[in-house]
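For clarity, chains are labelled A, B, C and D in written order, and residue numbers in each chain start from 1.
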Amino acid sequence: MLAHLPVLQVIVPLLAAPSCIILRRPGWVWLFTLLVSGSAFLISIALLQQVMASGVIVYELGGWEAPWGIEYRIDTLNALLSLIITGISTVVLLAARTSIKEEIPEDRHTLFYVLYLLSLAGMLGIVTTGDAFNVFVFLEISSLSAYALIALGRDRRALWASYQYLIMGSIGATFILIGIGLMYQMTGTLNMEDLSQRLPEVAQTRTVFTAFGFLIVGICLKLALFPLHLWLPNAYAYAPSIVTAFLAASSTKVALYLLIRFTYSVFGVSFSFTTLPLQTLFVVLGLLGVFVASTTAIYQKNVKHLFAYSSVAQIGYMIVGYSISTTAGLMATLLHMFNHALIKGALFLALGAVFYRVGSVHLRDFHGLGRQMPFTMAAIVVGSLSLIGVPLTVGFVSKWYLVLAAVENGWWPVAVLILLGSLLAIVYTWRIVEAAYFKAPQAGIEQVKEAPLSYLVPVWMLVSANIYFGIDTRLGVHVATAAAQSLFGVGP
Amino acid sequence: MFLGLYNYWIMVVLMMIGFYIVIAHGNLVKKIVGLTIFQTSVFIFYISISNIDGGTAPILAEGISRYSNPLPHVLILTAIVVGIATTALGLALAMRIKEAYGSIEEEEIQQRDNREC
Amino acid sequence: MSISLESMLQLCIVLPLLATVGIVVTGRNPNLREAVTISTSLMLLYFVISLYYGLDRGESISVQWWQLLPGLQLSFTIEPLGMIFALIASFLWLVTTLYSIGYMRAHNEKNQTRFYAFFAVAIGSVMGIAFAGNLFTLFIFYEVLTLSTYPLVTHAGTEAAKKGGRIYLGILLSTSIVFFLLAIVSTWFVAGTLDFSAGGVFGPNANTAVVGAILVLFILGIGKAAIMPFHRWLPAAMVAPTPVSALLHAVAVVKAGVFTVLKVSVLIFGIDLLQELPTTQALLYLAAATVLLSSLVAMRQDNLKARLAYSTVSQLGYVTIGALLASSSGVIGGSMHIAMHAFAKITLFFCAGAILVAAHKTQISQMRGLGYQMPITMAAFFIASLSIIGVPPGGGTWSKWYLLVGTLETQQWIIMLVLLVSSLLNIAYLLPIPIRAFLPVRQNPSARFTIKEAPLASLIALSITTVGSVVLFVYPQPLYELASAILAKPEIIHAQ
Amino acid sequence: MKDLFAVVMLSGIYGLLSASFFVTLDAVDVAFTEASVGAGIATLLMVVTVTMTGRYEHTAHHKPIWALAVVLVTGALLIYGTLDMPYFGSADAPGHLHVAPRYINDSMQEIGVPNIVTAVLASYRGYDTLGEVVVIFTAGVGVLALLSVARCPEESAEIDAVNVSMHEKHLILCIVSKMLIPFILIFALYVQFHGDYGPGGGFQAGVIFAAAIILYSMLFGMSTARRVINQPLVQLLSAIGVLIYGSVGLVSMLNGGNFLDYNLLSEDPVAGQHLGILLVELGIGCTVASVMVIIYFNFGGRTDDYMRNGTKDA
C-alpha cells in the first residue's frame, strides 16, 4: 500500500467528496471530512519522509508509463506543499463546525464540506502531478469549488467577489491552457519531465516564448501578483471565515508552486531567467507589491481586507526571493511560503473567532476586545508579531534568510527595501492592537464572551506552531533547503 | 508561409473577440458569453493542431493508415466539460447577483457596494 | 547551595521568566505577588554575585543552547562587561521592586499584576543581553526587551500613553529591524561568524569601507543608545509610571543600548580596527553633538521627568563616546559610566517619583521650598546630581575622569572640550532644582504641613541607591578591575 | 448588441459552427460534444438566465480603450507566437511524432478499442477523465450550493396550474415529444455503449439523456418533472457516478496494479481494459446526466420563484 501513497494523497479527499453526499448528516460529514483531511495529512508526512530518505517518487497512473500516461512525480517541493496544504486544512476544519453554524444556512452544510474537500483535492492534485494538462484539470477543480465556497459568504458582496474571481480565474486558466497547447505543439508531449528535456531543442522559437508568456501571465493571475491582485481582497474579505483561513493559507501557495515548477523545472532556470528579463521584472513587481499593498492595508477599515492586502504584500516578498534565483533566495521563498501559511492561517482563523462572537471584523468593533476576548486577541498579537518578523517567530526566520539571500547576491538596496517593508507591517498590525487594547468598547455594544474552545484550540495550535518553528527551525530550514537544491539539480 | 498559418490567425482573432467581450463588457451574462467564445476558440486552435492533411477521424478502420492526432481531441473533450462547468457556475452566480442587487450591470453593482461602505 | 555556575547562568535568564508565571498565578493576592517578585530578585542577585566570584576566580563560564538557525546558536558567555551590566541590573531590580511597591500602592495604579509580570520579563531579557555569547542571541533578547517594555510604557492606557508607546515602539523596532538586523546580517555575511571575540571578528584584511558602513548601521541601529536623531523615544516614554522610567533609564533599556554599543565596538570590531575605520570619527562627532544638544534641550524643560530624560540622552552620549574613542581608558570610562550613571539616574527618578506621590508636583517651577517637607528626598537628589555632574562625592567622578583620559590618549581635543562643556551644562540644569527646593518659602505656611515625606519603601529604595553612588566613589576598585578586565583578559571572552 | 437573447442565440450558433468545423477537422467526438454542450446545454442555461435577469442590456458606458489595448497586445503576442508554428495540417509537426503515434499504432493491441479517442480518454489518460468527471460534479454541487431552494407544496400546485394550461395549449407538441423522448433515451444508451466503436461515449450520452429529461420538464412543467425524478436521488446518482469511476481505480489497485490500471480487472488484459472502459464510461454518463439535470432544475426552479416573487412584488 505504501507504494500507492502518492495517488492516495489525492484520491482520498477526491472520492470522499461524493461520499459526503451519501452521508448527508452534517455532523457526520464534518467528522468524516476531518478524518479524511487528517489522513491526507498523515500521508503527506509519510511522503515527505520517503522523499527526504530516498529521493523522487514516481507513480504511473493506469500503469501507463509517462509520457503516454499520466504520472505523479513527487520531489521535496511537492511533498512540502502538500504538507502545508493538508496540515492547514486539517487544523482549520477543527473550527469549521462551530464557524459555519453562524455563517452558512443549515441546508448548505453538507455541500460546504463537499466543496471544501474538492478544493483540497484539487490543490493536492496540482502539487503532486507531473503532467501539464493534468495540472489544468485539477486547477479547475480547486478553482470551481473555491468560487462556490466564496459565494457562500453571508454578505451579498461575496457573490460579486466570487464572480470577479471566477472571471479572472477562468481567464487565467484559459491562458494556461493556451500555453500548454503551444508547448504541446512544439514538443508533442505533456509530461513535465519530458517537456524539460525536449524544450531546449526548440527553446529559441517564438512559439515557445509565447507559450512561456501565457503560462506566466495565467499563473500570476491565480497568484494575485501585484498588478493582477485586484480579485483577491474582496474574495478573502467576504468569504466565510473558514474558507478565508484555508484559501489564504494555501491557494496562493499553490499558484506560486506552479510558477516555480514551470520556470525552474520545465523551462529551466537558464531559459526563464537569462533569455527573458523576467528577473528584473519580478523583483520590481514584487517590491512594488510589498509597498503598494502594505500601504493600502494601512488604510483598510475591515480587518479581513487589511490582512488580505498584507497577503498580497507577502506574495511580493516571496516573488522577490524567487526572482533572486539563487538556491538561497529560492530557499527563503519556500520557507516564507511555509511560514506565511502558518501566520495567515492563525490570523484569519482568529478573525473568524472574532466574527463568530462580534459578528463583524470592522476595525471599530475591535475596540476593547483586548479585555473581552483575551486569548483570541493575544493570538492576533502573536500572529502580527510573526508577520512583522520579530525574533522567536517564524516570520523572523524567513525574513532573515530573505535578507541574507539579497545581501549574498549583492542586492543591498533590495535588502533595505525588504526591511523597510516590514515597518509598514508594524503600522498596519499595530492599528489593530491599539484598537483592541487602548480604545474603550463603543457605547451600545454589549460585552462579548471569549471565543469557544472549538475555535481557540485550532487558533492556538497554529499560533504555537508559529512560535515553535520560530524557535526550532531545523525542520523548515532543512526541508526548504533540500527542495531548493533539488530544483537547482543539486542533492535530492 | 501565410497559407500555412492563416487559419491560426483566424482563431487568434476569434479568441481576442471573446477575450475583449469578457474584459470590456459590463453585463455579467455577456461576460460569460464572451468567456465561452474565448474558450471555444481555444478548442478550435487545439483541434487544428491535431489535424493532418489526408488524415481521417481517429477511429481505426481497415485500409486507413493516416489518422489525425487523437490526443488534442481528448484534451479538448475534457476542456469542453470544464468550460460548461465554469459557464454553469458563472451563470448561477449571475442569477444570485441579480437577486441580491437587482441588476447584472457591473457599474450599478459597484455603485451599490460603494454606497454600502 | 551546590549549583554549578553554568546552571546558575541559565537560571539567571530563566528565573525571571518563571517569576512571570508565578506573578500571573498569584496576581489575585498582591502581598503574595510582591513576595514572589522580591524573592526572585533576591535569588537573581545571589546568582549574579556568585557568578561574579566565579569570574573573579578566572573560570570561563559559558552555556550553549540549541541552534536557532543553522550556525546561529543561542549561547551565553560571561565576560566582565556583561558582568558589570548584570550586577547593576539585578541589584537595581531589587531596589526598584521595593520602590515600586511603595509607589504603585500609594498611587493605587491599575493592572499591577501585568506591570510586575512584564517587569520580570524585561529583567529576564536584560540578563539575556548581558550574558549573550554572540550577536544573534543579543539581538533576540534586545527585541524581547523592546516588546516586553511596551506594555510598561503604555501602562496608563490613556491616549497620551498610546502616543508615547507608538513613538517608543516605532523608533526602537524600526531602527532595530532596518539598521541593526541589516548590520547583523552583513556581519554574518562578511565575517562568517557572530560570536563575540576579543579583538573583533573581522579579519585583518577586511574591507574598511564595508566594515565602516556596518559600524554606522550598528550605531544607528542600536536605537536604545538614543543617539540623535533616534532619541525621541526616550522623552516620549516619560508617560510611563515612575518606576518604569527608572527601569527604562537606569536599569534596562538605555543601558542595554549603550552596553550593546560597547560590546559591539570592543568584541565585534575590536578597538584596533575601530581606530582605522573611516566612519568612526564622524560617529564620534555625532555622539558629541548628541551630548551637547540634549543638555541644552534639558535646560529648557520645566517638567522634571522630561529634564531628566534629556539628561539621560546626553549621559548615554558619554558612553558611546567612550566606546568610539577606541582606547582602553575610553572603554573603561564608558563601562564605568554605565554603572555610575545607573545609580545616579535611578536615584533622581526615584526622587521625582517620590515628589509626585507625596507632593503631586511635576513641574520644577513648583518645587520651591519643597526641601523642607521632603529633606531626605531632596538631599538624595542633590548627591545624585553631583554624581551625574561628576564631582565628589559622586561616583560619576571616576567614569568622567577616565573618559577625559581617553580623549587625551587619542588627542580628541574637540571631544574633550565637549565633555567639559557638557559637565558645566549638567550643573546648570541639575543643581538649581535642589537649591531652589531649599530656598526659604515666602507663601502661606499652611502648605508646609500638608506635604509629608514619600512612602517608606520608596525612601528606603532611594537612600540605598544614593548610598550606592557614594560607595562607588569611595570604593570603585572592583568595578574598575572589571572594567579594565574587559580588554585585559581576552581568554575569558573567547567564544565557543 | 443590446438584446441579450440575440447574443445568446448567436453564441449558440457559434457553438454549432465550431462543431461542424471540428467535423471537417476529423474530430468527430469533439464535434459531438461541442454540439451537445456548446450549442445545446450552454445556450439553454444562458436562455434561462436571461429570462430571469432581463432580456435587454442597459446602455452601460464602459471605457473599452484599455481593454482594447490588452486584447491587442495579447493578440499580437499570439500572432507572433504562430510565426514559428509548424504549418497547418503538416504531418511532421512535432506534436504528431512523439506521443501520438503510440496511441494510433498500439492502442488496438493494448486496449482493443477501435475509437482511439475513447482509448486515450478512458485508459491512457483515464486519470484526466476522472478529474473531468469531478469537475462536472463540482459544478453540480456548486450550483446546488448557490441556487437550491426548499419549496413548499402549495407553490408547486400553483405552478401546476400554469403548466397544465400550457400543456393544453401545445397539445400536438406534447404528443410528438412524448413519442420522441423514448427514442432519445434509447439513442442515449446507444451512444453510451457504442462509444468504443464509433464517436460518442459516456459524456455525450449523459448530455443526451439529460436533454430528454429536460425536454420532458419543459413540456410538462418543472414540478411535474420533479415529481417524476426526485432531486435527492439525482444528487445521489451524480455522486455514485464519480464513485463508480473511483472504485474501478481502487479495485485495480487492490488487484495489485496501479490506480486505474484496467489490465488487472480480469485475466486477459484486453478484456480488463474493455471492462474498465465500460464501467468508467458508465460512471461518466451517470454523473454527467444527473448533474445536467440538477443544474437545469435549479436554474429553472430559481427562475420560477424569482418570477413569481417578482410578480407578487409588482
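Some notes on this structure:
Here is the rule we use: a residue touches a chain if its C-beta (ideal position, glycine included) is under 8 Å from a C-beta of that chain, and two chains touch if they have at least 3 such contacts.
Just so it is clear, the structure is predicted and the values come from calculations on it, not from any experiment.
Here the chain pair with the top count of touching C-beta pairs is B-D.
Between subunit A and subunit C the centroid-to-centroid distance comes to 44 Å (mean Cα coordinates, whole Å). The distance from the centre of subunit B to the centre of subunit C, each centre being the mean of the chain's C-alpha atoms, comes to 70 Å. Averaged C-alpha coordinates give centres for subunit A and subunit D that are 31 Å from one another. The distance from the centre of subunit B to the centre of subunit D, each centre being the mean of the chain's C-alpha atoms, comes to 14 Å. Along subunit B, residues 15, 19, 23, 28, 49, 71-72, 75, 78, 82, 85-86, 89, 93-94, 96 each make contact with two or more other chains. Among all residues of subunit D, those that touch two or more other chains are 78, 82-83, 85, 93, 95-96, 99-100, 103, 125, 128, 131-132, 135, 138-139, 142, 146.
Chain pairs that touch one another: A-B, A-C, A-D, B-D. Of all residues in subunit B, those touching subunit D in their complex are 1, 3-9, 12-13, 15-16, 19-20, 23-30, 32-33, 36-37, 40-41, 43-44, 47-61, 66-78, 80-89, 91-96, 98-99, 103-108. The part of subunit B that touches subunit A in the complex is made up of residues 15, 19, 22-23, 28, 31, 35, 38-39, 42, 45-46, 49, 71-72, 75, 78-79, 82, 85-86, 89-90, 93-94, 96-97, 100-101, 109, 113, 116.
Those residues of subunit D whose C-beta lies close enough to touch subunit B in the complex are 4, 7-8, 11, 14-15, 18, 21-22, 25-30, 33-34, 37-38, 41-42, 45-46, 48-50, 52-54, 57-58, 60-62, 64, 67-68, 70-72, 74-75, 78-79, 82-83, 85, 87-91, 93, 95-96, 99-100, 103-104, 107-108, 114-117, 119-121, 125, 128-129, 131-132, 135-136, 138-139, 142-143, 146-147, 197-199, 203, 288, 295, 298-299, 302-303, 306. Every residue of subunit A that touches subunit C in the complex is listed here, in rising order: 385, 388-392, 397, 399-400, 403-404, 407-408, 415-416, 419-420, 422-423, 426, 430, 434, 437-438, 471-474, 477. Within the complex formed with subunit A, the residues of subunit C that make contact are 66-70, 139-140, 143-144, 147, 154, 157, 159, 161-162, 166, 169-170, 173-174, 177-178, 181-182, 185-186, 188-189.
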